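Labels run A, B, C and D following the written order; every chain starts at residue 1.
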Amino acid sequence: MIEVGIVGGTGYTGVELLRLLCRHADVRIRAVTSRSDAGKRVDSIYPNLRGFVDVAFSEPDVEVLAQCDLVFFATPNGTAMRMAPELLDRGVKVIDLAADFRLKDAAEWAQWYGEPHACPELLAEAVYGLPEVNRAAIRKARLVANPGCYPTAVQLGFLPLLAAGLIDGAHLVADAKSGVSGAGRKAEVPMLMAEAGESFKAYGVAGHRHLPEIRQGLAEAAGAAVGLTFVPHLLPMIRGIHATLYSRLTGSPGDLQDLFERHYADEPFVDVLPAGSHPETRNVRGANRCQIAVHRPQGGDTVVVLSVIDNLVKGAAGQAVQNMNLMCGLEETAGLMLVGLSP
Amino acid sequence: MIEVGIVGGTGYTGVELLRLLCRHADVRIRAVTSRSDAGKRVDSIYPNLRGFVDVAFSEPDVEVLAQCDLVFFATPNGTAMRMAPELLDRGVKVIDLAADFRLKDAAEWAQWYGEPHACPELLAEAVYGLPEVNRAAIRKARLVANPGCYPTAVQLGFLPLLAAGLIDGAHLVADAKSGVSGAGRKAEVPMLMAEAGESFKAYGVAGHRHLPEIRQGLAEAAGAAVGLTFVPHLLPMIRGIHATLYSRLTGSPGDLQDLFERHYADEPFVDVLPAGSHPETRNVRGANRCQIAVHRPQGGDTVVVLSVIDNLVKGAAGQAVQNMNLMCGLEETAGLMLVGLSP
Amino acid sequence: MIEVGIVGGTGYTGVELLRLLCRHADVRIRAVTSRSDAGKRVDSIYPNLRGFVDVAFSEPDVEVLAQCDLVFFATPNGTAMRMAPELLDRGVKVIDLAADFRLKDAAEWAQWYGEPHACPELLAEAVYGLPEVNRAAIRKARLVANPGCYPTAVQLGFLPLLAAGLIDGAHLVADAKSGVSGAGRKAEVPMLMAEAGESFKAYGVAGHRHLPEIRQGLAEAAGAAVGLTFVPHLLPMIRGIHATLYSRLTGSPGDLQDLFERHYADEPFVDVLPAGSHPETRNVRGANRCQIAVHRPQGGDTVVVLSVIDNLVKGAAGQAVQNMNLMCGLEETAGLMLVGLSP
Amino acid sequence: MIEVGIVGGTGYTGVELLRLLCRHADVRIRAVTSRSDAGKRVDSIYPNLRGFVDVAFSEPDVEVLAQCDLVFFATPNGTAMRMAPELLDRGVKVIDLAADFRLKDAAEWAQWYGEPHACPELLAEAVYGLPEVNRAAIRKARLVANPGCYPTAVQLGFLPLLAAGLIDGAHLVADAKSGVSGAGRKAEVPMLMAEAGESFKAYGVAGHRHLPEIRQGLAEAAGAAVGLTFVPHLLPMIRGIHATLYSRLTGSPGDLQDLFERHYADEPFVDVLPAGSHPETRNVRGANRCQIAVHRPQGGDTVVVLSVIDNLVKGAAGQAVQNMNLMCGLEETAGLMLVGLSP
């Protein structure tokens, strides 16, 4: 049995980790910390976990966490980089679901996150936890940076095209739409149902923190810097991300459907839909899965890729469990054979 | 392995059965029938099942169904009563998720469903599949009438009070609210999102088909006829039923919280929340669970019970699997340890 | 032209007042105050008002407000009772959309609102602003307590029955459901879309502040104290209240449809729907209207009344404008001939 | 008084026309036709119109319609082209809210709409009813083709850039999202709330009927053929379109904010938001208004335009009333000074 701790268990990624881990046959949840709710039973705040999670939130305590095999950080940005070094030193594996270890360049991190990085020396070691790209490295990693939700959906959609060198990497467009749970469980007026319901808007057009993360991943796949216009939007629903990706073909691409199917043929959690499909976010709700379709409208020179995930699962907690499975030598799919809840 | 068939697999209760059964360790799905979609792969219509359900819809064929151990009818009212007799004769167990075998009185059935019953002789034998009431009989049954969604939520809420003889059974009020999936997957204008979204209404106040079913169950618990005002409402959401139940105390009730907790102490799928709770439908979304709270506002003589289920799970497919487990000698909870998907 | 001020213009009742008043032919908006947003243009926070409202929020200033003919308080409870006395002394009419002047009994007010009342001497003078009950008094009032949203929907539904003496006033049940805008524009976790969306729950079953207000109004209509069980619920939508009201007939009621139609025959904003109707909240969205239907299921002794309003219009800002029209000698319907926005 | 008729009054554009026209001071509604609902009162199907619209649906009758000054066709594609010629011959002005007269090329029309055009000779005469482009021609027109909802939002966003010759017209991208009311009031499974709610998908990526209409309008503005990738998506909400438009600058653009503000300076129904804004569909809900923002992320060579409308108002019925006002010599804004309903 793998003993795990969760730091920051009261947010949506925390509770989603608990939903997955409490039914994972190889895992025992040893500690769930929360500064704000320490002492309260987890299931008093999340009654969906009654009968499944029998612990109370505790204050974050390094001594307790150090006894775990692996610790998840489901905390705001800036927490994991302060606590992870000691845990790593004491032999604990770490997966950060926030952004602390996602960027390789400490200066860029500081620019986008507004403070100096607390342990820049770990940035090189940290493995970016997108198993479809870094599976071998994740198996050997002791520190994994779990990708952001938008970056997961966008990268999985562009990767086959970039890897095959078929598109103009200088002018990529990612028009992405997310359900409100992506904003977390923070009391903020714009996320009230009376504000976000029955309406739709873009946000962060001038620059969103996921932009450098996506660029970094795409550049690695392309073997060169890329130019990306990334526009996130807020959907009047709870779970789900839909990325609509536009790029221009630089030559004769051959059969794009076949390209995508071959690229992801062995991937358990990326599902290329039949030609002509339009993936729907509801079909991956609650599931650790990315469903993808590729289109070439009117046979022109623009490729359109449609990519959907559940932002809390393949975009956060599910991918973290997938990484844990790899890091701990478990079956990659353990605890993750989840059917999407539709309707 | 139990071999099962599903007749009428294209509706919401059908796809929900598939979601549960495809991950049930003791079950093999042998046939899924659909007149309208025969020949199409199930996962072409329900892409959430890709990789989990590998069959195509077939025409309903008694010869094939007769080879199953158990057949579920997820069909409109009036279908099961025409096909069940032959299957029963050939030794197949049957669970009807529609209403054909729910009422004991054939005349009452004919009055509410608008045609004579096709096999009234089976009404006495059919066991009403509410395990919290009829567990022993279900274990021995070959024909189970799976309860309606409203009747499940309403009966589970009233039963402890009626069984204890604490309330005036002549004037019960059940104000019930359901998500739109309760209406099924039929193309009807009032169920369009542009009609049912962002709005709320009652319907069927003059008389809803679930009324006689609920009355029958409550009368059995009370040991006498009951008077019930039942008002269903349509919620602008997909899954979930919330029943708010009002009744008047006839004497000094003692500790109602304790009464409810004791009544359901051994029930795996009924969860009495702590005193003062307000159950939320989202906490049972996707789960085979009824969460209940009991209140006595201002210490007066009116008891208010709040009862929530997922109409497609404990209100339909989940309860059907629970009944199958009992009928087939499996662990009652097999395949049903589902955590509610919240948020 | 009537010159008006709005104190507390950044909440939902404030912006709704602005929506109505900016198109009211007889009104000029002189000041809109907000402590939190003073100095900002109103339409920078509410872009739907661009081109219609050309002012900035100001600090609340009695000198400015004293120059208005009438001041609306769209503030939290406890504000109007501190500012209204001076404005009244200086000849300004006041309408409070909060609860400060709704209860006649200062002790009861203190009990439900958690502090002593600041000007109990005004409670007797204040007129409860339900025009369907108090039209004549409102015309002459200088201080009007605008009713709460639930109390408007519930009272308008029960009044014809109580006035006619047809029902048992000791055991009334009001099962009420509200959209999330009723909770106001406060940053609170339970009102996040990820919490309140796609779910349904009751709240405040032990006792909601609108309970004494409703009881007071119903008692006045009945000519005797009433017993009321009031259970509010939160709907996963933005605007609209639906009250489902249950009461027991004490004798032979005659034609209830006719009773309701006659009771409201001359009311411009109460619309009794044809027999057998089920009012939908969307049909009154944005409109200053209550739509009502009365049912007697199966001809039994329980009457069910269905009553819908837009909580921000007939339940708040629209009713306030209606009261302003009456207080200022304008046509009662001026600025209020609004068609519900459906779909 | 202008006497108008509405052919096809039971759909969403029909009822929205009624909502606007019943409060228009210069209009009298003479006939509202519906084959399916002839004989029924309009307000029995649309109770939001009770007290405002006092007529019944009638069978479409050319003799009655011919007595109107102007007839709106709120019918499915293919109806207006069969009835309009006779009405025009008899001196009646016609506005078609469907697509019959939107394309100038009869062959292209036949290709996209699947049948030959019934009166190709009228295509040249018909004026495309986008007042921001064709105001003078609309004033003199007897036949106006009211633009589609997507085409309105997309064209208003691209026009200033194309007119100024600033962008590469060969590679335009329009990522557009629409609420479900855009699909009309047809009973179809994909538009059920249980299907379209809490989910998001693209559709028609291979080719949507609005594509040639948009291309035609943009080409006219650009003075040359354009290349457009148009991807529509379905939003889980009722009203509103958000178009996110991507194009590449071909040179140094100067101040884009200023360009947009000057381009629309005199337009009553196009509102360019301050620099840095993110328009929200809710702010134009129910209003005849397009709100637009222009961005140049990171100062790069990609321009992003955000454009929102209410698909039933500026995208259909409101724009039709605007056209009627122009055609009939009324004030262009008559009956259209509507404030968006937010929240």
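Note that a contact is a pair of C-beta atoms (placed from the backbone, for glycine too) under 8 Å apart; a residue touches a chain by one contact, two chains touch by 3 or more.
Keep in mind that this is a model prediction, so the values were computed, not measured.
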item	value
Chain whose mean Cα position lies farthest from subunit C	A
Contact-richer chain pair [C-D vs A-C]	C-D
Type of subunit A:subunit B copy interface by residue overlap (half), same or different	same
Distance from subunit D to subunit A - Cα centre to Cα centre, in angstrom	39
Subunit C and subunit D, separation of their C-alpha mean positions in angstrom	36
Distance between chain centroids, defined by C-alpha means - subunit A, subunit C (Å)	45
Junction residues of subunit C, two or more chains touched	12, 181, 194-195, 197-198, 236-239, 279-280, 282, 285, 342-343
Of subunit D, residues touching subunit C in the complex	12, 15, 19, 22-23, 44, 46-52, 181, 197-198, 238-239, 271, 273-274, 277, 279-280, 282-287, 291, 337, 339-343
Residues of subunit D defined as touching subunit B within the complex	12, 179-181, 183, 185-189, 191-198, 236-238
Parts of subunit A lying in touch with subunit D, wherever the complex brings them together	171, 173, 175, 177, 194-195, 197-203, 205-207, 227, 229-231, 233, 235-240, 242, 244, 246, 248, 276, 278-282, 285, 295, 297-298, 300, 302, 304, 306, 308, 342-343
